[in-house]
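First subunit A sits with subunit B, and in the next complex the same chain sits with subunit C.
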Partner chain A sequence: MKYTGISKAALNRRNFIILISALLFLPPLSLIPQFALEPNMCGQVCPKLFLIIPQGQDILGKMWVNIKSMWFGASLVAVIITVTLFFGRLWCGHICPVGGLPELIGRFIPEALKINFSWMNAPAFRYGYAGIFIFASFFGIGSIACKLCNFRVIPFLTGAPFEGAYAAYIGSSMGIAGLLTVLLTGVFAKGGRAYCNLLCPVGALDGMSNYLGTKFGFSKKLITDKTMCNGCGSCVSECIMWARKMDDHGKAETNRLSCLTCLRCAKVCSEGAIRYERGNV
Partner chain B sequence: MNIRAVLYALAFLALGAAAGTAVTKFSPSDYYHRMLVLTGDAAAAPVYVKELSGKTVLNLSIKNMQGEENIVVDVTGGRFSCPLPPPVTLSPKSWTSFNRNCFKGLKKGARIPACLVLDGKADSYEITFKRLSDGSVIKRFPIVKGESHEIHRH
Partner chain C sequence: MNGGMFNNTAYAALGGVSALAGSGVISLCSQRSCNSCFACIGAISSLGAMFIVKKIIEKVQVKSEDYNVETKP
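Up next is the complex of A and B:
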């Protein structure tokens, strides 16, 4: 196997960072949410609810109220998007415990039991869903808000053994629906990242930021040297975000709206055709 | 870019929007988000829920807008719990504690996450917040069956 600049240590380091961030962000420790005096990733730490465009008069005023009441989550998302623009997907790909934990747990599940969503056009589905998340209230068709929110379900799941308030949520219909979402789009999904890929509005924004960052050359990206690619497809089956596809000429390419830069594809490429760097080939 | 790829993308864009719209309609009758604001008169507007016949979970955001530091919670027909403080506290001084039915160290304006599980067997349901110092009522929220027009905001 040719050297691609990606070591096995880099993959192990990513797993280790996800576990550390789970300890930092999720109950029972949840050390970082505690800065906002919150025990989990809801309330002031919620990174999603402030994105919703409200209905009625003074839309900007209402949005500002939401941003102030969810100041920690709004600041977190601003930092995530800015960091992604210049340094790649450090949050979604390496830190986010809400996406990372189901992925890690899913590695212990046999592949035969997993649901393969890779036939879907993930970016199109994701932006359709995110559009409803953001504009549903504005158009008066309801709200997705906390429904099927992994930022709620996963902290409540990890906190349930310690606190009755979390356990009560998991026992309700909403909690069971959330738990099924975590299982079907996380633990039992191919790659373990179907929630991130299809349903997460923060992931949708982060993917756009990554696309712009790589397009303008601010951040590193996965570059496939198609003259070296032998079309074996091993990177396509290894990709946790289904971002690697074969083009019309049988060569693999990356969709940068989806790529998490986890670097697993580069690691499995026997030809050393995938490199992680700035610039174009 | 060929027309087939564009149509394929548009189909999934519509599918994503349809899935999102379906989720907006998902509203189980045993789970609600409600915000309780502790300010003003002791008598508060009722908290409306669509069903009260079975076990019902109310995920509460309580806003302590009147500055009382120590508050006792009394519940009729249910069980109240709060995940404060978390098992491992970063800074004990900054944390509100909740023990049995009593909050201590509340800050004015702070949001208190809490959970109220109604058992579905009582004749009436009510949650009352009282001052620990003299037992006087800060706010009493009857929980009744009916339609709510509350906008969800933390």
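Up next is the complex of A and C:
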């Protein structure tokens, strides 16, 4: 295997960061949400609800009220998007416990039992979903927030063994639907990141920020040297976000709206054709 | 990469429709509007069971094909 600068230790470090982040963000400890006096990632810590554009008059005023009531989540998303613009997808790819935990647990599930969503055009689906998430209230068709929300279900799942209220939620119809979402789009999905790839509005914003950051050269990106790529497809099957696809000439390329820069593709490339740096080839 | 404008628009529409359909079904569930919880859970479980059986059959078929290839002179 040729040297690509990506070591196994770097991949293990990423797994370790996800586990530490789970301890910091999720029950039973919930150390970071406690700064906002919340026991989990709902309420003031919610990173999604403030994105919704309300209906009626004084829309900006209502949005400002939402941002103030969810100040911690709104600040978190602002920091995430800014950091991504200049340093790549540190939150989605390396820190987010809501996306990371199902990915890690999914590695213990046999590949034969995994659902393969990689045939889908994930970026387009994600922005369609995010569009409805943001504008549904504005157009008077209700809100889809808090439904199919992994930021609610996963903290409740990790807290369920320690607190009766969490366990009761998981037993409710909303909880069962959420649990099914975590299983189908997380643990039992190819790569374990189908929720991030298809349903997460924060991931949609973060992906756009990453695309702009790499386009204007602010942040590093995966660069595939197509003269070295032998078209074996090992990076395509390794990619947890289905961001690696073969082009018309049988060479692999990266979709930067989806790529989390986990660097697993660079690790498995036998030709050393994938590098993580600024610039173009 | 993933096709042209039509492909993107179609998948974006699919994403939007999925959002509305998913949240609509869950709203019905949380309000217990249809009282068909067991039917719904049964249908989902059946689909899951069918999926697992299909995967197992595929795996057995691949293994037997490998065996045939290896044992042919």
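Here is the rule we use: the second predicted complex is superposed on the first by the 281 of 281 C-alpha atoms of A that agree within 3 Å, B and C clash if a C-alpha of one lies under 4 Å from a C-alpha of the other, contacts with A are read in each partner's own complex, and residues count from 1 in each chain.
One rule holds in what follows: a residue touches a chain if its C-beta (ideal position, glycine included) is under 8 Å from a C-beta of that chain, and two chains touch if they have at least 3 such contacts.
As the structure is a prediction and not an experimental result, all values here were calculated from the model.
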| item | value |
| --- | --- |
| Joint occupancy of subunit A by subunit B and subunit C, clash or fit | clash |
| Which of subunit B and subunit C A:Gln34 touches, first, second, both or neither | first |
| Touching partner for A:Ala165 - first (subunit B), second (subunit C), both, neither | first |
| Subunit B versus subunit C as contact partner of A:Gly142, first or second or both or neither | both |
| First (subunit B), second (subunit C), both or neither touched by A:Ile132 | both |
| First, second, both or neither for A:Asn66, with subunit B first and subunit C second | first |
| First, second, both or neither for A:Asn255, with subunit B first and subunit C second | second |
| Which of subunit B and subunit C A:Gln57 touches, first, second, both or neither | neither |
| Contacts of A:Asp247 with subunit B and subunit C, given as first, second, both or neither | second |
| First (subunit B), second (subunit C), both or neither touched by A:Leu180 | second |
| Overlap of subunit C and subunit B interfaces on subunit A (superposed complexes) | 120-121, 123-133, 136, 141-144, 147-148, 172-174, 177, 198 |
| Subunit A-facing residues of subunit C, complex | 1-3, 7-20, 22-23, 25-27, 29-30, 32, 37, 41, 44, 51-52, 55-56, 58-59 |
| Complex contact set, residues of subunit A against subunit C | 112-113, 115, 120-121, 123-133, 136, 141-144, 147-148, 172-174, 176-177, 180, 198, 245, 247, 253, 255 |
| Residues on subunit B engaged by subunit A in the complex (per definition of touch) | 8-21, 23-26, 28-31, 33, 57, 59, 61, 79, 81-91, 94-96, 107, 110-111, 113-115, 117, 151-154 |
| Parts of subunit A lying in touch with subunit B, wherever the complex brings them together | 27-31, 34-35, 37-40, 42-44, 46, 49, 54, 65-66, 69-70, 120-133, 136, 141-148, 159, 162-166, 168-169, 171-175, 177, 198 |
